[in-house]
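Dropping the structures in below, format is structure tokens.
One chain, chain A, links the two complexes that follow: it is found with chain B in the first and with chain C in the second.
Now for the complex of A and B:
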């Protein structure tokens, strides 16, 4: 370095400086500027929901809870008037809890068998589950519509919601079994050997030794399937025709068309209200969920 | 006693698996089989009830008409749908697979600051995490010419007023740009996560050695990182092709909600009617279940073929661990 003439060192320094300027320019253009709309949208949602009017989208003018009136007073949508938001919230909650319960119960059983038991066709079954994971379920809506009709789970209020819950759970089960299988794989065999040698039955082993060890995995799939049931739109939108049995996403969908331009505050508050579970779960267990969302089939 | 033990050992795994299998048959196998079958029928609102009562009713005919319509020009709107679908899949794929590559190199390699890069990563994930209907609500506000911010921002960036549309939802090239942007924001994070994990798993020695030898960071990105990301890139392209071909929920949500619920007419007018949405609208707003299924059958066949190709291309073990780098 020292033997180089001074001007060459200078020009190297400028080159390095130029390079790091270009580098940060790329970061700003590629990774920061496209995020401006995203940040604005989320800020708007929060500001608009607590404010009678916003300036430039994100600067609130005053504070109000009037936008949240749907929590305690009637809500009109088309020809239908709901007493308040809670009946619809309960419908949504029923689907979310139902999906979550079924998925956890069934995929924990299945995931354990896939992880720990020898049987003919084990590899084939795993391949099949991976293939299902890649296969887009949204194109099966017509056939599912006919199956629900045939099973008598269509057009009958809560029975329809039950049908949707079963179908949704079925759509989630392959991925959930795959995830929980990964958690079972991580438990050392020795723990189970010890118990089996001591004369423990497979069932007791599963219930009292293995299950507690995979609780984090169970937590993950239950949150994940809860959220996916909570925000399920297409199935309810397609199969539920009676407004009394709508869920929050479908209600909000119809409300957007009706209240757009008229009352953005109400829509923003409704949207924020609906997003609360997602926000809570993501801020408390983000690492677990991110790991799962990566494998998701969305977009 | 011994025999029963051996038998039990064979039976127990299936006891654990039976519920899984029942649900998979209900939600996956039966619908796929039924879609394939329905594609060859003339099921519509006229003979629907008879079909529900009896799957083998003589009122429903087996026919090849649907596929003739699809492949031999019986549906004048279908070429338009195909064109829109190709534009949609190719553009969003470019964002999901290649834009996100630059994005993850920027965030995970160029930017050495940990908190800043975490913040950017979480921001990019927001569109994916947000429930679809809320994402649609926010976009509907954002593109609104009077209340929203998109046109304001664009004119701040120096784009003349005449070039901004009256309605982003309806004015044609703009609506298609919107369709690509909306889905690109969701898809970019998929590639970003896969690539970021892969970049993080590159042994630091490899990069340091190159830096010591006098390579600059661009050369490292170009000659070390990108070649090592070959498999992750393949994986993202393959995976996203299939999920984009079949995706329509976000388009239905944004154009349907923005247009007051009549998604089919709006999507046609705006030129955002993609293949899967066309099938959906044929079934649920025109009640031509047979024809709609035939349109879906094309996707089912393409889907199954692509999945078989994935298995061939990636092998079973690579599919299970998509983000590992192979040096």
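Now for the complex of A and C:
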């Protein structure tokens, strides 16, 4: 290497530089440019909601909170008055929290069993779980309708929402179990054994060692399932007929439906209101969510 | 402070016989080393004693009480795992304190004990760190501290010093041995380093492929190996082996390797030939006398390579096609290719049955 003539080293350096520039260009083209429309859409939403009028979609002309009036006064669009936003938000929140709670509880236990216990048909079961996740809830609508009806969970206000929560949680559990299983897999057997030798009972082992180590995973699945419950549309749309038990996605849908007199500013504000949890979660827990893909137990 | 007894203990993983019919008795307060090559079942044995694995067959006793089905937490064992197995989410302090917390020890007592053991193991400056911020050797000492702090009845150590540098290892060997004698805790120490086993243990159990080969004091292992495996495993450089047969000529007995004939004592010859015809001669490099002139009953060879070790040197001698290693003082001037004669001390040679590998003498 050292005996190479100087000019050759120089030309290698330029080549390396060129290569890394090209790499960055490719990254920009592939990853950044496709995101531009998304950013513009969000910008559009924000501008629309806080401004009485906008130019070219994103240049605001003035500032107003008028579009956000639904937060403190009845929600009206055109001639129709919709239910107050707050009960609807609470409905949505109940479903989201319910889904998240059930998913965390069941997937954590299930994921532990899948990761740690040897039982007949374990591999088959895991394949089946992945397959389950591939089925969209649409194809289950009719079957679910019958089941909910039989269980008396249909057409009874909050009881229906409970039914929807259960169904939604059921649909989320397979994937969540898979994710959390990865976190359990990352805990070495030796660490669990060491705790047992140190004097832990099974339960204490769980509480003091295993749970803290999979906490990032639990955080991740609770966020995912919360958001998926929060934005659930199809089930609510299909099974809830009484406006009082709408959730935000269904409310927004119905408002867009009144296409003749759409108030874009109001709709933009409503849309932003709906995305608040998403924005909060993704801005506070980016690191956590990234770790799902990187994985691993590190102190 | 208990006596540990393993009675006909086996552990199978499917078809793999990790431990096969192991009988072992470790006296109260004894320091026993489990010595053997990688994969011979040392860790598996420890895990059975700890109660993590249940033996496929056999029983384990602590002080004559059958504890085979007792859960690990009721055995009062301190264990250092081969992989250290520290708790990644706890600081070093909390790692060491954890067994005491489980015993509901008062806080100030925990503090005292943790600091004391940390100082002993020279990790008292690391107490606030997380395991991921420690080097391998430091992690190993934290694991050792965690095992020692609970003052266990039985201490199980799975290669606890393997990651330390030479100097620290020698310090820790002495420290660990002193500590063990002071606490009088029954200790089982897994290692594949025979020097470590020889220098620390009261008795050594040599294992190979899941089977116990010999269980004895270090000097007996060295002087009277039970079979070829032990003979070759203990000692560095290892024992020299030469295959051959015993023959009798006019009432005199010889070991005939095909290349050389070694005259042996009549009673020895009779004993060997009463057991087997095909025998393996074994002798240690340090029991060889090298001379440059022809001598009676000496084996002729050619100096092949000389490896100086500082205090002495290893001479590789080619006898026909076999290489024989001899330990010699560096004063002798030897050059490769030179003719040399090997003289064996009959009191220090071994004979093994070629078919079974068992020692005859």
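The rule we apply is simple: the second predicted complex is superposed on the first by the 229 of 299 C-alpha atoms of A that agree within 3 Å, B and C clash if a C-alpha of one lies under 4 Å from a C-alpha of the other, contacts with A are read in each partner's own complex, and residues count from 1 in each chain.
Everything that follows uses one rule, which is that contacts are C-beta pairs under 8 Å (C-beta built on N, C-alpha and C of every residue); 3 or more make two chains touch, one makes a residue touch a chain.
Since we're looking at a predicted model, the values are computed, not measured.
Asker: Output check: A:162 vs chain B and chain C. Expected answer is one of first, second, both, neither. What do you get?
Answerer: A:162 contacts neither chain B nor chain C.
Asker: When the two structures are overlaid on chain A, which partner does A:117 contact: first (chain B), second (chain C), both, or neither?
Answerer: first
Asker: Going by the contact rule set out at the top, does A:213 touch chain B (first), chain C (second), both, or neither?
Answerer: It touches chain C, and chain B stays clear.
Asker: Looking at A:71 after the superposition, I want to know if it touches chain B, chain C, both of them or none. Which is it: first, second, both, neither?
Answerer: neither
Asker: Mind telling me which of the two, chain B or chain C, contacts the most residues of chain A?
Answerer: Partner touching more chain A residues in the overlay: B.
Asker: Contact-wise, after the overlay, does A:139 reach chain B, chain C, both or neither (first, second, both, neither)?
Answerer: Only chain B is touched by A:139; chain C is not.
Asker: A:197 in the overlay: touching chain B, chain C, both, or neither? Say first, second, both or neither.
Answerer: Only chain C is touched by A:197; chain B is not.
Asker: Applying the document's definition of touch, where does A:43 land relative to chain B and chain C: first, second, both, or neither?
Answerer: In the superposition, A:43 touches no partner, neither chain B nor chain C.
Asker: Touching chain B in one complex and chain C in the other: list those residues of chain A.
Answerer: Of chain A, residues 297-299 contact chain B in one complex and chain C in the other.
Asker: Chain A touches which residues of chain B in the complex?
Answerer: 10, 12-14, 16-17, 19-20, 23-24, 26-28, 30-32, 34-35, 38, 51-52, 55, 92, 96, 99, 102-103, 106-107, 110-111, 120, 123-134, 136-142, 144, 146-150, 152-153, 183, 185-187, 190, 193-194, 216-218, 239, 242-250, 252-253, 256-261, 276, 279-280, 283-284, 289, 292-293, 296, 299-300, 303-304, 306-307, 310-311, 316, 319-320, 323
Asker: What part of chain A is in contact with chain C in the complex they form?
Answerer: Against chain C, the touching part of chain A is residues 188, 190-191, 193-201, 204, 208-209, 212-213, 297-299.
Asker: Under the stated contact criterion, what part of chain A meets chain B in this complex?
Answerer: For this pair, the touching residues of chain A are 16, 19, 23-24, 26-27, 30-32, 34-42, 44-45, 48, 56-57, 102, 105-107, 109-110, 112-114, 117-119, 123, 125-127, 130-132, 134-147, 149-150, 166-167, 169-171, 173-174, 177, 202, 230-231, 233-234, 238, 249, 252-254, 256-258, 260-261, 264, 267-268, 271, 274-275, 278, 282, 290, 293-294, 296-299.
Asker: Would you pull the chain C residues touching chain A in the complex into a rising list?
Answerer: For this pair, the touching residues of chain C are 47, 50-52, 71-73, 75, 77-79, 81-89, 98-99, 102-103, 130-133, 146, 150.
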